[in-house]
């Protein structure tokens, strides 16, 4: 893939294949089995992993566990205040869509037999939003999940590690005709195409969700975007590893 | 793309690149501006298009219209009875995800300025489900939308046609290691990967939503699936045209 | 009862004691134990009967079953779009009133001991509305119920038939001073009195719900309406029998 | 109609055509424009009429008013505690059915043009239940309505009285094979047929809602029940007049 | 505490340390184990106590019971009609706050081990409101609770009385600069400070909830208000005793 | 007030009149007009102030503004996971009680005429809970409010400062017989009395909410607790000033 020169460049001045600064802060809060504050630039998401000794009704007695996710946004994570979903009486369509995506993505890296009859809930709460909250959430939730599973393995003396591999996610898109990596809010609200890609550390795709915002996208644009995503996810997996390597 | 020989074949005996029989029955009900019963094999979805002379609050006074969709499933469209969402007190996450997809897809083929300050609502209600309800819904809703817009153009003497082109959708997946087109329920519940693809009649992608169910999918599998989708959608667009050509 | 000559006649040109054309199409969908599309003229209701091996909490261990009904209307079954109840967050008063009526009516023809500890749910979904949706629903639901019970008797080798007799329903009213049978929407919205009558095939009354819309009705009008109902229901029971007699 | 001798008699010892003691206490509470505590034996319902200077959206600018009703039951009005609907998150089907009946019945005695652009809400709250709460509610609500309208006529100097005539309601049924008037809870839970009848003081029927509980009822039983209802309602209208005649 | 002379006096003409007339009518309704209509002047609250042989999930098998409360207001208890909470779809913040207060207060006088595995629910429904509904509710609910417990002791032969002592409540405030006892609505809506005080018959405080409405209040004002509350509650406890002494 | 020697001491080893370490971090997030992360020991609450140019319906055209608050708790702020209120379908009683308290408290320090027709919403979201979340929320929300108002004064050139003075809050209680300041979770769950006190910087009381958990509390205990609260709030006001003095 050629890296085309942006006519006027990205609003942030980043190269088209450049991630925003990524930070992964573990043990951000005290009670959860895993607790990670992940930042993709100004997007900050608190991801906690909670282990409970129960399974959903449809898994009772099957000897396997479950991984699920919930997503929320603090009312003033956004530039103007968003109504609190609890006050409005329920979760909206966007929230449900995102938390289903996070849950499916993380289940893809867990051996549910090895987990045993337990539920791990990944709560991803956006403290500050600047585009890419769902991809930051997946990337951070993976680290919280690993911390929780490591604790569980020690505490319960599990025979094998339920984690099958790493999972990370990034958005890609076509902005002013140019494929770019990791869109921030300014790009996200003006781009032609927006695609969220979830991959594992073996280079396999877990989820690909691409949406034409402005005009329909072509196969070659899709190929360029997927190549950017592969590059970005490799860097995110490295950042996850580095974070997990610290005590 | 080579068409591989299926070890034991598809449950339906179809070739890997073969759609189920598609029927598009216009004017299925009387009141709606557009009303289409679409069948992809045993999947049957009633799609109605309703025009209202109002716009959502955020579009007031902007001189443009809106296209939105709602999705529902009759309780016994499925092999065991599903609880009615109205009785349960609200729409679930799956429903919201699907109706958001349908709405986004159809908006991609509408010139909202040309539509003027009107809302077109596409109600897609599944009468019988056998896999692929959302792709059938998008394919049928397009035809209902065209019928409604044609009526509107006559009735309101619109200066230009708000329809920019055709939209259709199909699912593709990897079943027993083989990429296949238009999964039915048996395939859908046993496949490794499931991807819904929405395209326009110019061969552009509107939405691509791929999910690894069993194992992560590779770039080459993705390419095979996208090629199958292109073939299937060309056939669906032809079926839409044939239906619209009838009185 | 004399058949008075209508001053200007019924909008449809029917005689005052004439039903709309009635069709009863069995096996309309594939999954349900009973599935009937019933039409009273332009009113079309899909009635499915679903058997489940459970009973409501208050019947546990009592050796008897339950029959219940749910009613819905597709958003564009009506001449202008009605808001989807699932989207609005719950069923409205009219829906609840109607589904309670359908459930009570059908329970009147079932021997719940003979049914055993099972629930049969009758889902009545209006595809197209032109007045009389609840009476069409009851009439069609009876046929779906019989199909489901016949299946159950074969499958479970029941000792005796839980069906005690046939049930059908029709509306009657006073339109422009004249008692008429089976009101369509135009009559329904302009009539003085509207009465829904549910009867069994022995000529007994199961439900009588009469409402004065314009002015209060007199005993003689009531008698005339009941006589019309008796005539109409006899014809509906014959139509049910004819439908059930077909393979 | 012959008054048959009851084999074992009614639980209360009443004659088959005998109402329970009826009391109508006006001005029971202070704030409402009309406030009536009505008792049918041990059934006690507080009916208030509230006037508001607004109309529902669909009546704006039409120069006519509206009359509506809401029904509630205090949690311990019944012999075992019923869950509070506000705590359960909404009104159930029975409540909606009853309040729709009360509203329709009272609208039948109001000239909505004469009322002008106002809403009168009749709140009927059951303090103690012993069968027949809806008929007591309608009978009491009429008196509260008249008090409110009289106040309104004085206060606003209305040109003509919006009240067209009196409305009252009573239940009738077939208990142990015998038609009886004004069922109490013991009779109501054991009867074969239960019918609620709303009439005006001219002997016209406003609503007739009959339900076969045990077996289907015949025309002659229906005639007997309607005759009992006519007798009972004449007495109830007299009781309303007597109450309204007091200062 | 000095009793200051009010500049213009209280709207009701009461002395600053004078309660409104208090009446406590036991056995107001028939079904509940305890049923009390309490009046603080024009404020009238129906308090019922219901005993159920169950405990909340978190108390199962612990050998102790629970006491809880629910609060409601009839729509026209107030000078203009308040929307019915059941119709609005749930209890509001004020209702929840009040019923939590009533429940906590009454639990403070119950030995939950002596009660055994039972729930007593105190339903406090405001029939007419004129300020002080929550304090009247607590004062009346105590009497209903005692009646219910006495019945339970007889019926179940309890070994010891679960009632530990009496509980009553009153409001105090600063009105036009003067501390006053038992505010009515006129005072309540114009006062500077409003404080609800719950005490036991030993002079101990159970709850103190003071709110500055106009300006912040000082320690000396607080002391004056608490002294008024002590006086008022002593009188209320005497009224409770007198009521309970009657048959 | 004497400082009694604790028999076994507080779990944290603090003196009975000693606050936990307090930190107030301004500008914690970027979008809100005021954004403060406040910590009382391990209790951490994010408080944002959002200004909107609208007023609630009942204040339209009155030339004054409104201040309101919403409270939430991240699901894993607590030692075991709490269900998300948005997923449960609404805010619970505890949440409503707390956010009403926060709103009332902050309104007490705002001149709503000076604010003009605007709403300031204080969102208080608990990131980590260890007792005293509502008092930390009020203390932090005041600082966020001041930041927002200062911004508003600059931006809109307000003529006078709407802030009337400082507001802070602290909990006090009786733990093992000893009055203590600023209870943490261990103390809170084992104390005899728990009291939340909100004061202004003039030493006036805004809210006092005391609850006997174990036994009723006496006047002298109340006096001791209020004295502790006065001391604690003076320190909190100093911490607020210090935070606001920084850039």
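Letters are used for the chains, namely A, B, C, D, E and F, taken in the order the chains are written, and counting of residues starts over at 1 for each.
We take it that a residue touches a chain if its C-beta (ideal position, glycine included) is under 8 Å from a C-beta of that chain, and two chains touch if they have at least 3 such contacts.
None of these values were measured; they are calculated from a predicted model.
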Which chains sit in contact with both members of the pair chain C and chain F? none
Farthest chain from chain E, going by mean C-alpha coordinates, please. B
Whole-Å separation of chain centres (CA-atom averages), chain C against chain E: 51
So how far apart, in whole Å, are chain B and chain C when each is placed at the average of its C-alpha atoms? 33
Would you mind listing the residues of chain E that make contact with two or more other chains? 89-91
What does chain F use to touch chain A in their complex? 29-32, 35, 42, 44, 46, 48, 50, 52, 70, 72, 74-81, 84-91, 95, 121, 123, 125, 127-129
Mind pulling up the chain B residues that touch chain A in the complex? 90-94, 96-97, 99-100, 104, 108, 195, 199-200, 202-212, 215-219, 222, 226
